[in-house]
Amino acid sequence: MRGLWFRIGPIITVVIAIFVLWYAGSVALNSAWAHDKAKRAGVELSTSELIADTMNQKKPKLPPPHQVGAEIWKTTGDMVLRGKAFSKRSLIYHSWITLSSTLLGFVLGTALGIALAVGIVYNRTMDMSIMPWVIASQTIPILAIAPMIIVVLNAIGISGLLPKAVISMYLSFFPVVVGMVKGLRSPDHMQLDQMKTWNASGNQEFWKLRLPSSMPYLFTSLKVAMAASLVGAIVGELPTGAVAGLGARLLGGSYYGQTIQIWSALLTAAALAAALVGIIGVIQKHVLKRMGMAQ
Amino acid sequence: ADDVTLQLKWVTQAQFAGYYVALDKGFYADEGLNVTIKPGGPDIAPAQVIAGGGADVVLDWMPSALASREKGLALVNIAQPFKSSGMMLTCRKDAGVSSPDDFAGKTLGVWFFGNEYPFLSWMSKLGLATDGSDGGVTVLKQGFNVDPILQGQAACVSTMTYNEYWQIIDAGLTPEELMVFKYEDQGVATLEDGMYVMEENLKDAAFQDKMVRFVRASMKGWKWAESNPDDAAMIVLDNDASGAQTEEHQKRMMSEVAKLTAGSNGALDPADFDRTVDSLMSGGSDPVITKKPEGAWTHAITDKALN
Amino acid sequence: MTTDPVISAKNLSLTFQTNDGPVHALQDINLDINKGDFVSFIGPSGCGKTTFLRVMADLEKPTAGDITVNGVSAEEARMARAYGYVFQHAGLYPWRTIGGNIRLPLEIMGVSKAEQDAAVNEVLDLVHLDGFEKKFPWQLSGGMQQRASIARALAFHADILLMDEPFGALDEIVRDHLNEQLLELWARTNKTIGFVTHSIPEAVYLSTKIVVMSPRPGRIADVIESTLPKERPLDIRDSEEFIKIAHRVRDGLRAGHEDDV
Amino acid sequence: MTTDPVISAKNLSLTFQTNDGPVHALQDINLDINKGDFVSFIGPSGCGKTTFLRVMADLEKPTAGDITVNGVSAEEARMARAYGYVFQHAGLYPWRTIGGNIRLPLEIMGVSKAEQDAAVNEVLDLVHLDGFEKKFPWQLSGGMQQRASIARALAFHADILLMDEPFGALDEIVRDHLNEQLLELWARTNKTIGFVTHSIPEAVYLSTKIVVMSPRPGRIADVIESTLPKERPLDIRDSEEFIKIAHRVRDGLRAGHEDDV
Amino acid sequence: MSWLIAGIVVWLVGWGLNVWLANLPKTRLTRLVVPVLFGVTLIAIWECVVQGFNINPVLLPPPSMIAVRFASSTSILWQDFVQTVIKGALSGYIIGCGAAFLIAVVIDRFPFLQRGLLPIGNFVAALPVIGMAPILVMWFGFDWQSKAAVVVIMVFFPMLVNTVQGLQATDHMQRDLMRTYAASYPQTLLKLRLPAAMPFIFNGLKISTTLALIGAIVAEFFGSPIKGMGFRISTEVGRLALDMVWAEIVVAAIVGSAFYGGVALLEKAVTFWHPSQRGQE
């Protein structure tokens, strides 16, 4: 029991601290509008009236947690209870839309990343030519070229899930390349020499040495890539007409100044990312344990 | 049925009710058309989409369409369901703005992305510099919403009669506290939400025919929406995949939009076109277009569609 | 011993190019090793022992001179999987169990599953690690890891065994024990063994031939043919013959240290 | 020698809690070390030598029993910077030059710059690393790194010196040489030295007291008071006395190995 | 047609040349020439494809057109660079990385915070910035301050996590050594943990360079004064001036690579002792 508190206790404390700060922030940020309103109405606000007002504005600068919580419940749990989990007003539906392109993009990005890493490790020309451009590619603001990618893919007849996934891929392949290049190069000289003494083929060297030793790097990169892929999916939703998905909710909230909706979409996205990363973490634990690389 | 893809200029909302009504009520189907409506958004340039072959017909504002035409992308206006402009500049009285003479030295929120042209030509008509120099105005690139006026970051923001204006009202400011400058009233109105197609496509008779049927059905949709605003708003709501729109807001938007489409049967009034062009070319040192556009509109479609 | 030498080095030199100039690791090495020889290499740290072993194993290319193994070039010998190599550090793959590590070279050489199992059992037994087959390397002490690494090199029956300080991490008792085992194996299989060590008694106890090297550039200072019998109980180390050879090795070593420390 | 012992362990036990159960690293250790003693610890791998040294240095807390250093608790002694410690692996900070590494403890103890310089020069000279002050650790061979690490522990003049297999990575000649140097230093400064080694001759050659340990749980199997004189030339190792002591140590060791290997 | 053939020829020649160069012994020159040649080949192929397939410049302008636009718009590009990179990205980078560093040191001192903050930190780090940007613009106004705030949020967690990890990167023995000296906390921090953490800290700093730039640009999409790289990009797309958009992207890529390269050089100087640095050259 003490062990549990040891792990959970600090987290709970910090979460409570965050909530306190959040409420304080809501009061501080929202009171300007409350004052503004009161001044225009020509009334004086007492402190308690002021606080009450900041807790319940329609378009607060910073919605307090209970407002965001209520909105999330209204668009998730409540929807489920009413049997409309997949209606357009349900965040579950929008999360699913985003999730599907996230996962596709993640798979594509991981595949591309690993392929490039293998190329870079095994081919000297690729090693010397590609890396600087991979870095440069990540300095291009994706939001700027996302619409072009969508339009260009559209022009050659590709639409739907794939264009969004391509943007996810663009963001997620980078951490995989960097991590895998490091990982595939992590066997030390001795281990490589050993393979040489047994006259192992390139294939054997890859499967029996380089790939297993890159596993810890791979999983770390996959976590980063997953988070990046989710961001990519959200970015990709904007120029496809922001029809559906968490990105559309964010944007929709933005158009209409619905801060509560923005925050609830934002937190849902973060929870989704945390869950996806968590799943990779669990897989990592199991795989590494089976491989004897973690205690 | 013939496939037609329509690219909207903005997200699904009552601003585009006519098209959704036509789709929902089967007006397109009656004309033998299979129409796909693609919602737009802040990152979607309809002209770019049509250039990339992603749409057969796009909705755009005329200033931006004419500017694209000068860039070498031959867009042609085939129909103009919006008679009047819904653009306005909404200011807070307590920021000290009561007439255009008060703009100097103030901060004004403006939409860019090709939507800034009407504003720029208005300012140059007023003789106000927009590059931040003395005696001019400070221009902000306004985001998607009306926050700057609520937060007091700008004295005025751009609004549409049917949309952003009501967001300001919803946020708690009253009409009495606001000063509104409609572009129509200031004599700088430009045409909004026209239907545009690629000039080269028009040479194809089959395409022409498709457009004739499309425009006819769309206008039928518009007229239906004008007379049944609340039902039209609900149809829009049904088509909004993001689930972000509210019934109240869309119904109000529909009733405002109806005022703008009221005067048009779909055919472009050449006088409106000339007025728009004059306004764009009068822009002093920095006109939006440099020469009078030729062939930027046609009555070929509406003549067949509406008679 | 009129047969061709198994390993033969002629005027062998190896220079490493580093950023602060060339390092002459080996210079003008001439050495023949015959079938069934047990050759120890001894010399001060950094004198080129490891480098020479690596050249024999074709892990390093000499910059001058020739080396032949089994009458062919070192590379061809490596391709023919002519030898087993024990590295200075155990170097087990952490994601494989002890059994998996020993099995690895067999997998690579395409040995059948049944033969793999038999070989693994046999060598585990030899180094007294039976029962540890399913453990991972980090679950073993340093000495046990070292033994697993030796077992791995023994698992496939190469005729030549190259061992780089295999017993460095072990305490004296275990070391003595493994020395005996190694001698027994060598006598039984008639392998040719190249063996690097820092310990003079170990070199004398094990070898038929002791190569004393001197540093910078690595040269052969002395080659001592052992006069000890092939049969060697542990207490042979107290014999006069043994002490005499050990003295000669120590003198050779000391000469190499002259300019040093 | 009627003075109080410098280090005194009473019924000392230490159990590590690991996820597959407790590991009894030390059990019921009783030992007194007097001022000026040179105590060697010898025993099979994993028997708890390092652990015991770490307990003396307050790097590990015993789970039962007491330890006093200089009459106070190990922690107070550590705070008073009573000892220098040489780790089993060199453990130099790679971002500091050799000089910088040796200077590190002096900086921490607030010694003046001039005194630092003097001390660094002195100890570099002692371990024959003069001229390498400005080099980084990775530019040195393993043996040189080990010597630098010894120099670091000598740089500040602590009365107690705890050394964990300091000469493990060195070849015999260098090792002999450093053994002599260490004896000379010890005789000159009358330090108290705790010394872990795997080498029986080294233990016998250096020590006034040899502690033989046996494994699982780590206990003291034998404590041998050396009868060798304080003055010890290298060839004392061929003396009868020496060989007798070495035999006793070997027997103690072997007993500890019984269940093993 | 001839453009397409030219494209294929350029491709083959560029690739062949690169293969040949790459297999020469590595020198500082080949290290530089090979990637440049790769890029030049790519750009030449792009030109040939755009010309050959007659792709509309409002979709993808040819590099030549971008170059012309770049050359004729240097003053605008410079003004945008100052607004976005110097004011927005750089200040946010310094504040964000600096704050993360200090907080990491505090967290490292108090394990309780470490166990509480890091899991939460991972959650917060997963917040998509796109969502934060409009909120921060609302909070901090239109000018560069809100851009810097976005950058601060973007770089904060990668930097924090790396620094915390780095501060723990010392091995047991290195820490025990400090214990034997009875070193005080600040002494241990200064002489052991910080130097040992440097490779990780630089990892964070490197990741943060590209994040800072992207953050500053993207934030401008959500409201800005009428200058800045993000403003220009979003505005000029609407005006179909894709050549200008790409000119800005070129600036972003150059600045980003230079920023990254600069930090990498600094890294090399500071962590020269780390095996990953020693391996090279």
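Order of writing sets the chain letters: A, B, C, D and E. Residues in each chain are counted from 1.
In this section, a residue touches a chain if its C-beta (ideal position, glycine included) is under 8 Å from a C-beta of that chain, and two chains touch if they have at least 3 such contacts.
Everything numeric here is computed off the predicted structure, so don't read it as measured data.
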Both-way neighbours, i.e. chains that touch subunit E and touch subunit D | none
For subunit C and subunit D, chains touching each = none
Which of the chain pairs holds the record for C-beta pairs in contact?
-> A-E
Of all the other chains, whose mean CA position lies farthest from subunit C?
-> B
Where the CA atoms of subunit B average out and where those of subunit E average out, how many Å apart are those spots?
-> 38
When the centre of a chain is set as the mean of its C-alpha atoms, what distance in Å lies between subunit A and subunit B?
-> 35
Could you please state the distance in Å, as a whole number, between where the Cα atoms of subunit B are centred and where those of subunit D are centred?
-> 86
How many angstrom lie between the CA centroids of subunit A and subunit D, rounded to a whole number?
-> 53
Multi-chain contact residues (two or more partners), subunit C | none
Among all residues of subunit B, those touching at least two other chains are 42-43, 45, 48, 51-52, 143-145, 147, 151
Of all residues in subunit E, which are in touch with two or more distinct other chains?
-> 59, 134, 138, 221-222, 234, 237
Which pairs of chains touch one another in this structure?
-> A-B, A-C, A-E, B-E, C-D, D-E
Interface with subunit E, subunit A side, in the complex: residues 6-7, 9-15, 18, 29, 61-62, 124-125, 127-133, 135-145, 147-148, 151-152, 155, 227, 230-231, 234-235, 238, 246-247, 250, 254, 259, 262-263, 265-267, 269-271, 273-274, 277
State the interface residues of subunit B toward subunit E in the complex, per the touch definition above.
-> 42-43, 45, 47-48, 51-52, 64, 67-68, 71-73, 112-116, 130-132, 138-145, 147-148, 151, 153
Subunit A-touching residues of subunit C, taken from the complex the two chains share = 54, 57-59, 78-81, 83-85, 87, 89, 91, 93-97, 104-105, 107-109, 136-138
Subunit A contact footprint on subunit E (complex, rising order) | 15, 18-19, 21-23, 26, 30-31, 34-35, 37-39, 42, 59-60, 112-117, 119-120, 122-132, 134-135, 138-139, 210, 213-214, 217-218, 221-222, 229-230, 233-234, 237, 242, 245, 248-249, 252-253, 255-257, 259-260
What part of subunit E is in contact with subunit B in the complex they form?
-> 56-59, 134, 137-138, 141-142, 220-226, 231, 234-235, 237-241
